[in-house]
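Below you'll find a set of structures to go through.
Both complexes below contain chain A, partnered by chain B and then by chain C.
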Partner chain A sequence: MNDLSKRIHGSARQIEADILRSRKPSLELPVRSLQNVHYNPAKGFFSLGRKRKARTLTVGTVKTFAQTLKMIATSKSLVDTQEIATKREMYYISKNWGEARFLEQDESDTIMDDVEAFFLVNREQLGFVPEEKGGDVAGRLVILDRDPSTGKTLRIDCTKFGSGAYSVPISVEDLGFETSARFILAVETAGMFQRLVKHRFWDKHRCILISLGGVPTRACRRFIRRLSDRCKIPVYAFMDGDPYGYCNIYRTLKVGSGNAAHINEYFCVPRTTFLGVTPQDIVDYDLPTHPLKEVDVKRARDALKNDPFIRRHPPWQKALEQILKMGVRAEQQAFAAHGLNHVLEVYLPEKLKAPARFLP
Partner chain B sequence: MNDLSKRIHGSARQIEADILRSRKPSLELPVRSLQNVHYNPAKGFFSLGRKRKARTLTVGTVKTFAQTLKMIATSKSLVDTQEIATKREMYYISKNWGEARFLEQDESDTIMDDVEAFFLVNREQLGFVPEEKGGDVAGRLVILDRDPSTGKTLRIDCTKFGSGAYSVPISVEDLGFETSARFILAVETAGMFQRLVKHRFWDKHRCILISLGGVPTRACRRFIRRLSDRCKIPVYAFMDGDPYGYCNIYRTLKVGSGNAAHINEYFCVPRTTFLGVTPQDIVDYDLPTHPLKEVDVKRARDALKNDPFIRRHPPWQKALEQILKMGVRAEQQAFAAHGLNHVLEVYLPEKLKAPARFLP
Partner chain C sequence: MTAKAKKANRSGRSSLRRPDLKAPEPAIPEAPEPVDRPEPAEIAGAVPKPAGKRPRGRAAPPGPPPAPPRQREISISEFFTKNRHLLGFDNPRRALLATVKEAVDNSLDACEEARILPAVSVKIRQEAEDRFRVVVSDNGPGIARAQIPKIFGKLLYGSKFHALKQTRGQQGIGISAAGMYGQITTGKPVVVTSSTRPGKPAYSCEIQMDTQKNEPIVLKGGEVAWNDGGTGTRVEVVLEGRYQKGRHSIDSYLQLAALANPHVEIRYLPPGAAEPILFPRLVAQLPPEPREIKPHPYGVELGVLKGMLKAAKGQRLSGFLSRSFSRVSPRTAADIVSRARLDKEARCHLLRSEDVERLYAAVAETRLMAPPTDCLSPIGEEVILKSLRGQVQADFYAARTRRPCVYRGNPFLVEAGLAYGGALPADSLVTLHRFANRVPLLFQQSACAMTEAVLGIDWRPYGLSQSRGALPAGPALILVHVASVWVPFTSESKEAVADYEVIVKEIRLALQECGRQLGLHVRRQKKEAEASRKRSYIEKYIPFIGEAMQEILGMSDPKRAELESRLSDLLERSRK
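The block that comes next holds the complex of A and B.
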């Protein structure tokens, strides 16, 4: 039994003891909501406050209570056997729980969030893995994985994938890393990633390229986080120049999101800074633009008013105000107007030489 | 200059000659619509009929004509320099064409489809690559790619990625393959793929696993097509048991789609058969189900009436009628109700032993 397995065992023992002494068993869970969240720049992510709620066994809660215990039991067996289950599979497993089975996956997902928050771990550590895959990786990185049949260490060299890439698995908890890279470049679109790979950008600039493919999945964020922590290298984010790229993709990658504060600790990447496309880049590089949509304007205004991350960082406030004033947005593909490889021959090298122009 | 580059050159010469002799230059394009499509089971895909339309230079067509020529010129330079451009980048390149620039990407995409149909090639051969990435690959396959800096052949061994996978690049035209696999298993969901990878299903069953991640991208379909053709191995499709899995994902993978008939030749995979989940599997394996949604019922009825592929294959008609009668659908994750690994220890081995139960 590993540590987590022991903790699960301990909680179960306590509930058993309560029942044997004819006391009402109870589980204490953190309250998961924006009202119970703090932003501490030193920590670098939205973190959970102290508010807690108790789930006590009563006539009204008996089904939820049973489901919570059943799910805790399932996660213990996953941990003990090093097995994995997707959220959807977990829902189907419950079909054998008789009266306690879930009718909809929503119910099952909510209880899974509770169990995750109860043990203060991310659900991947409990063996529950997401449905979607992570991102793609190329460049100066050797990933250490284990061959499940022989137990031998596999060395996966990400410089050896040609035009292809290493695809991040759904669970990344056990991967190791070796790298001589100076930084990680996290790229929003698969098309831009492919261009940088084709021209071996990672070789000349000694870096690791990671394709996010829009809003990064949990597995992708966790991969970048573990990689940047273990190897102590910074992450530079290269995204579209619009409020969605700034306030959703980048903000979530760097500090996490409000409604999942109990796991931001594991999934945000505080070592990230924003390389571009900044509003000033749109001016400096004379990029073709599109007008801001109404939803962009609303998103930027909301962030200026309510987002604890933006409100702590005056350079971001200035950037959002600037883009609102300009009334336009620019995509990372827009550099193609100056020649297909302008982005990797001019823009990125110039930006990399001037990290002072990055946004925090 | 390679063959394609010479063909582009030849077409341009003809137009030049017309202009020099003061004749109206004209481009002849195939009509791209369902009315100009045939389904020939021997060929195995929807193919283009003989209807053609002429695009002649007139006052009314001058802009479109100029854009078509400019795009043809761009594709020649991409082919000659072995460069790539995404559809979005192509749109931005046009921003330097003065009056001929595209105002919306839609216009640019339509002209790209025309150019593709004009040369009867797929646009990847012209250097235009999709925005989205292809699928993930693990198992008994060595992919041969070229290191762009040294020109040396790279051997990418897909048995060596541990819990990760090889991520198919956006353009797969130049990849080579070596394999001892007996078949390719194309899997609809990333979660199921991860389970099969974790348990090295490809090792025991001597196969190649490919994750489609829902409706497969062009790059993914083209990759499977080239791999199955070159290595002469069959493809078994493992999808959800519902009309969407049957009539959309599977049908498109196998024979292509109606509105892109000029390229189905390159993107469909005629060597594919349908392993499951069939309607009979739902009965035989006692799978948990969900009721068919209205859109499922409509999709199945439409296919029975109008889909030339379904209408040619009585077993598919029976299957669709059966699922309509049952009124339920089942996902590939539903096997989890019988134990997480039931799918790889019982279901898949049983089905693989009885290819007669596959659907065509």
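The block that comes next holds the complex of A and C.
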């Protein structure tokens, strides 16, 4: 029995003791909302506050309570047998639970988040692995991995994928890196990534390109984090110029997610700075725009009010206020209006001349 | 029917002397009057037209001039044919129902007056496509031989119209109208058999009407055996009709009659049926006997007052007042007279028109006690509950009898009953059963004060749903009973009660009192359902907690069972 397995056992003992003493058992969970998230720029990531809520077993919560315990039991057996299950597989395992089964994967994911937070571990430690892969990598990087069957070290050269790319695996903890790159460019969309790869942007600018594909997965964040830590190179983020790109994608990459704040320490990249598209870029490069959607406005206002990261960084507050004032947003691809390769020939080189001016 | 015999003595003569009071119906300028009565002595105490009989207007010109000479005799059949809709005989279907209804009402009135627990039998036989024979018999006291022809062969012959007393019949039209309708449509006479002396043979006769003169003609009369050797009356009418089931059917009429009269046993043989339907007696006690009262001055209209004064020939004013009205003592009478600046010794019939008007005004200004209300005979809460339980399969019953009240000088009281749940249909509007003096009202529901009162209540707090301006919906049945010495019907077919504000208010209060009980019940029911839902919810999921605990801790089955039972106790107790 490993440590986590012992902790699970201990919690169950506690619940048993409560019941036998005719006390309602309860699970104490940290409150998982931005209100209970702290941001310390010195540490560089979101961390969980002290607020906790007790999920007491009552008539109203008996179903969720039963499901939570069943999932904990499943996790314990995964841990004990060193087995893994994806989130989707966990959802299907529950189909054996009769009336307590999950009807949608959303339900089981939520409970998984609860269990994760309850034990203050990440779900990989519980034996649950994510479905989605990490992201795509191209450029001046050699990855040291092992052959799963022989255990022999494999050298994967990320310059040799042609028009394709290296795909970040689910678990990145044991990877090694060799690089001569000066920086990592994290790109929001696969389309932009394609364009940069096609024109060997990484070669000309001595960098590593990583496609995030929207909000970066944990594996992707962990990969970038380890890479930048090991090789001591900065990370520049190139996102759409809208509140979603700023507050969700970039912020999650940099300081972690509010929802899983207990594990952000490992799943964020504090070294990241924001290259663009900034609100000022929209003006400076005369980009075609779309009006801000109502959700964008709401998101920006909410971030200004509640997001500890934004509230800690006046430049970001200025940027959000500016985009709210402009009332428009611009996508990465908007540079195509000035010519397909304007972005890699003009915009990026100009911006890369002054990384110090990137948003924090 | 027997009741009429006893009460009949007042009707005819007095009317002759007070021509302005005679006509009860709107369209009978020359309604033929009963010509003669054997006992003329009674009339001194004759009660005039009941106070406040109808909200609309007086029947006669107030002035003293003698009745104008009859210009032309209008035959009663002509009158009847013209006015049959007023009496409920407007189509063959309703005629059949009205015939049954009049005969049953009469039987019940007669039995109750003689303090006999009524047992009524109704048989309907279809004799041709549109011809039916209705036979109604009762165990009442029977009718004296001499009275039979007049009661059944003469329109507007009866005692009830002139008596202020809670009875089913009021006007002396019903049963003779049924007979006349039968005669007009089929030519068949009414056959009446009555036994007044137990153990002796009964008297039976066939009665035809002289529709020109409104006089009965006895065709055949003779003694016959009476089935069980007791007393009773049996009426047979053959008429053109149509038999139909449904909401306005004879079947539902009798069922409702049984509901409002659980002391009655009704045996009903519908057309074509082999076995009779029995509505058994549910309570073995007669309702308290209603008492007859004198009119209350507040309910008397000016014209009626004039007529009464005229009729009280030779009487002194003060004495007349205290003798003729309820709640007028000699002292109150003196009060009224002096307020009217009249002489209390004045001769009534000599008062001038303006004197009478002052007297009328003085009555209105004088504070009078409300009329006695112990003259009414409610069904009673207990009996309503018993009756509802006997007839309606439901989960919850409520009943309320209000204290008597007065409208226009007439005492009345309201009762309401309510049944909820059980076999009642949940997804339709509630059923409203209306009763006036224990008689079911089947038609003109929307014109009735009872309906108005139901619609005026917000039923949602009581657990029923209701759309704006509609009857509430839900598995409920509502019963409303208005009892009065004079029920103010909106028309002579007696199907809807007029919307006197105080009557509507009383109905509303009675219903709301039932409604509140219903609300409590519905809420309690909901709470219980919720609790049991929770219990089953708990029981559904606890095994999974036990299972998970067993998997994690590797506990034994008995230990797991104990844990589960502890846990369900724990949650049961908390109920939260």
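Throughout what follows, the second predicted complex is superposed on the first by the 246 of 360 C-alpha atoms of A that agree within 3 Å, B and C clash if a C-alpha of one lies under 4 Å from a C-alpha of the other, contacts with A are read in each partner's own complex, and residues count from 1 in each chain.
One rule holds in what follows: contacts are C-beta pairs under 8 Å (C-beta built on N, C-alpha and C of every residue); 3 or more make two chains touch, one makes a residue touch a chain.
In this text the structure is predicted, and so the values were computed from the model without any measurement.
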item	value
First (chain B), second (chain C), both or neither touched by A:66	second
Per-residue contact with chain A, leading partner among chain C and chain B	B
Touched partner set for A:151, first chain B, second chain C, both or neither	neither
First, second, both or neither for A:12, with chain B first and chain C second	second
Chain A residues contacted in one complex by chain B, in the other by chain C	none
Touch list for chain A against partner chain C, complex	8-9, 12-13, 15-16, 19-20, 22-24, 57-60, 62-63, 65-67, 69-70, 72-73, 76-77, 97-100
Sites on chain B touched by chain A in the complex	83-86, 88-90, 92-93, 95-96, 129-133, 136, 143, 145-149, 154, 156, 160-171, 174-175, 189-191, 193-195, 197-200, 203, 211, 213, 288, 331, 333-337, 340-341
Complex contacts: residues of chain C adjacent to chain A	534, 537-538, 540-542, 544-545, 547-549, 551-553, 555, 563, 566-567, 569-571, 574-576
